[in-house]
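Think of it as A, B, C and D in the order they're written, each chain with its own count starting at 1.
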């Protein structure tokens, strides 16, 4: 049976695969072919989307979206070992936008909301793109590297006055 | 129940009953809640002092703020505190509610809880053990005895400032002000 | 004279009610292998509730809790305690059965007015549970009434004192067992603590009860314990009589005093047993509780009734 | 002859309303109120009279109107409730179209019921019975729409009832060749038991349908929920009780006490029917979601209590049955009027799952509904308690504990559904769309006020109504109960309400003082509520729908209305069968000629073989 790595290579052209680790395959692609790659892998049996996360590369002014897939039921590719497929793609940092994969994987919804709230990546096609954790909204999303948390704490919490006891007369 | 206890009871039943029947609100606000179950069960038995977890704020008069207070939890804390009935006391666990503790520079936690709701007593220690909680309770007794546990009166008197601080954080709260 | 008896039985029931609550917490603590609060802790709680500034949701919120306390205190006057009985000749068991409705109805009215879904869920559970154990209770009372051919509780106690306790007579053993099986449901103890589940629906009907409302509710709770067990002792354990030992001094003041003591001892025994049951059981779901009550105690009670009807 | 002139005056008045109402609208309301008040006044003045007048001869039958204590009590309740519900419908029907027709029919029903009660002989009894049936049919179908099938079901059932009654009357006439009730009771003694049982069965079918006893009860719930509220107050308050009156007339006046209870098995069958009529509808009422349907099922259950009281045969049970008729008429009419007031204010919404929190807007209607529910449950100090106490005492002491069990369980079922009614309409969160509901108008409040004071008044002083009932029992041939002002005094356990009243008052005062001594409480609106630390979501925090969901899941497999299903299935079967027959009429002349020839051939064939003719 052809290995999984060769299958992906001959189907997708600009794909860099490195299966250096024992049960993990890293796939770097451009942002256009991510959705078709996810679709293809889902048919192969990797139907469990473990995680969607985002890495902030400030110096290259890019975000890196990471999708981790794995398979519950063993299929023919699993006979050697349990493989996690980690797909990485790069998107620009200004006005970051990416297509939502909810129609492929239902459980991507909270991850995308979290990335939208904490990194400011706008997912097109997401039904409920509302804040998930934070109670107040910040002008620069807090997980971005250029968000200076100490400065925020100083000017947001400092200007809340301490309660002075009103010494009423009675 | 020796003789002068009975004398105290007869002179000021409100103080004595407040001392020996503190029902704590069963609401875990931070990491310190892990200390509460051992203190109310067999090993340390808080019920000896009359402390039991109350099912809802209306039946409680002690509010234990256990650990750091995030922005989301502060909203629930304010709501619960306002629903508790009048002679109510709050005790803060650890240094995080005092000045932010190790989350002093986090964008998401409250630095000085005292600005939003009145706190009657603090317990030092990054999550005080049950013995420390009971020491705090005995101190609270003396505070009640000497009429110094007046957090709720302070809240009622300076409600405008408290409310202003709370609204500074959240923009606008979705429940009406408690006192006119 | 009647007024004196009224006051006396009211005081006895209130004191024993609070004592029962304290005893329950103490025994639960002992079983948990810890010290537990002093016996008079419920009294401290009530005094503390009284000094708290309560929150009211309207006129019926206040009236309901007062009606429910009136209901339970009223029942106390119709129950003979030992041979102290102020009203037990005006209507008997039927009146008791009807006044027992007043207390849950008053509580239902006031918790309904508190406009909190926890309270509504608690009340609908409480009424369904009461309906299911009322099936059994009515059959038990019917078998007793048709066995002793009277509807007045006073006479049932006297008949038992003269002859043998109904719990001991083979004819009425089954209703007795059925009563014991539904006792935890009537007391609201653990296997059937569905209405007042404190974690699930945060104390059910008494969600919005604050200061003095909670005080009245706790007193009412104590009284309900007192009434349920006093009814059982009167019906099945012959009220204040101990195998006729103290018949010689039955007429005098000391006679009624001794019968009262015996009556209270019997009640404490039964209460301690039900607290043990309370300590070891988890909380059932409502469907399981109704299924259980409508199968085992109900069949035992029906068989008991058939036996009684077949005999006479 | 005063009775006859009264009836004529009332009938003429009813027609006058209809025709006058066309020209000047205000007149019909005033006329209706005046006539019904005059009727009430007139009947009240007839207290204690006992005479019989022959007002008309019809085909050789002498028609009589008579008045005695027994019919006086029923007449008083009929006219009293008729008067109150007409006052109630003044504002209820104000904006509805053709309410002249409504008022005319309302008066017809009242007069017909009055006629039934005053009828001295079976023919005039039957005439008034028919007038009552079709005027009720017209009133039930007043709302058109979904009211038509309900009224159809009602009219079919009552036609069957009246036909069986007609056959009964003719059969009785054939046996005793007299239709005057007073003479019948003497002659009945000489008829053999078989005929008496047959007559009793025929009459019981007619009265059972009216009284909604179990096999004939299924017309009642749809009819009640479709009829306009003031009329359904009369429908369940009094109209059901015509069956009660009929049974009493049949058992105790026509056939007489000693014969009826020697017909072996009859009383047992009737008692078991009564027991089923108590349990089955009570648990169906718990699961209803429409306020008026719930009350309708509760009427069926309470009619079971009255039926149990009547057919049990001891003087306590008959007294309890009649007293429960009186009480049920009062508190059920009160509850229907209260639901009518709600329906009037919410423009017709009475689904229990979408209402809630009305106590804040309509406190008076809540008080009326609460007192009505207390009477329905039978709490001490309300009138329901005394009548139920009478019935239970005799059931237990006369050695039939299973019937007593059915009755007592009925009480707890009543508690559940009456609390569901109060909770889902009045308590809980007030939905936003009912924010600006006003109070009930005065013309609705006045009848409710009167009825609730009567409930408490009869509850505290049961001696007053019991005196009238004592006279009735004596006329039936029982020996009277010794009734004190506050209760019943008898050897096997007596009842005096004064103890309960005194004790409740004293404890009440003490507890209120004790309650007042605590700190003053703070009034708070419905949004300041415990919601686990978050603020209350505006519309999603009321829990009134499927109030008894666990009981629903547990019971509804047993509680389908099998009798109704049986009726509908048999009706479908008959329609199917008739369709088959209709196919014969093909419409071509040829096929008809062919039928004639075939028939002739068959005749010839029979004649040839067996020479029948």
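Criterion: a residue touches a chain if its C-beta (ideal position, glycine included) is under 8 Å from a C-beta of that chain, and two chains touch if they have at least 3 such contacts.
Quantities reported herein were computed from a predicted structural model and do not represent experimental measurements.
**Student:** Select the chain whose centre, defined as the mean of its C-alpha atoms, is least distant from the mean of all protein C-alpha atoms.
**Tutor:** C
**Student:** Mind naming the chain pair that shares the most C-beta pairs in contact?
**Tutor:** Top of the contact-pair ranking: C-D.
**Student:** Once you find the CA centre of chain C and the CA centre of chain D, what distance in Å lies between them?
**Tutor:** Roughly 37 Å separates the two chain centres.
**Student:** How far is the middle of chain A from the middle of chain C, if each middle is the mean of its Cα atoms, in Å?
**Tutor:** 61
**Student:** Report the inter-chain centroid distance for chain A and chain D in whole angstrom, where each centroid is the mean of the CA atoms.
**Tutor:** Once rounded, the distance between the two centres reads 70 Å.
**Student:** Would you pick out the residues of chain D that each touch at least 2 other chains?
**Tutor:** Those would be 519, 528, 530, 532.
**Student:** If I count partner chains per residue in chain B, which residues reach a count of at least 2?
**Tutor:** 56, 58, 75, 86
**Student:** At least two other chains touched by the same residue of chain A: list those residues.
**Tutor:** Touching at least two other chains: none.
**Student:** Of all possible chain pairs, which ones touch?
**Tutor:** So, checking each combination of chains, I get A-B, B-C, B-D, C-D as the touching pairs.
**Student:** Please name which positions on chain C make contact with chain D in the complex.
**Tutor:** Answer in residue numbers: 6, 10, 49-60, 62, 66, 69-70, 73-74, 77, 87, 89-92, 94-95, 97-99, 101-102, 105, 108-109, 112-118, 120-121, 123-125, 127-128, 130-131, 134-135, 138-139, 142-143, 145-146, 149-152, 155, 202, 207-208, 210-213, 215-216, 286-287, 290-291, 305, 308-309, 312.
**Student:** Considering only the defined contacts, which chain C positions touch chain B in the complex?
**Tutor:** 25, 29, 32-38, 41, 44-45, 47-48, 50-55, 198-199, 202-203, 206-211, 214
**Student:** Spell out the residues on chain D that touch chain B in their complex, using ranges where they run on.
**Tutor:** 519, 527-528, 530, 532-535
**Student:** Within their complex, state which residues of chain D touch chain C.
**Tutor:** For chain D paired with chain C, touching residues are 357, 359-360, 363, 366, 370, 377-380, 385, 388-389, 392-393, 396-397, 399, 401-402, 404-405, 408-409, 411-413, 415-416, 419, 422-423, 426-430, 487, 492-496, 499-500, 503-504, 506-508, 511-512, 515, 517-524, 526, 528-530, 532, 541-544, 547-551, 553-554.
**Student:** State the interface residues of chain B toward chain A in the complex, per the touch definition above.
**Tutor:** 70-72, 74-75, 104-108, 110-112, 114-115, 118, 154, 157-158, 161-162, 165, 168-171
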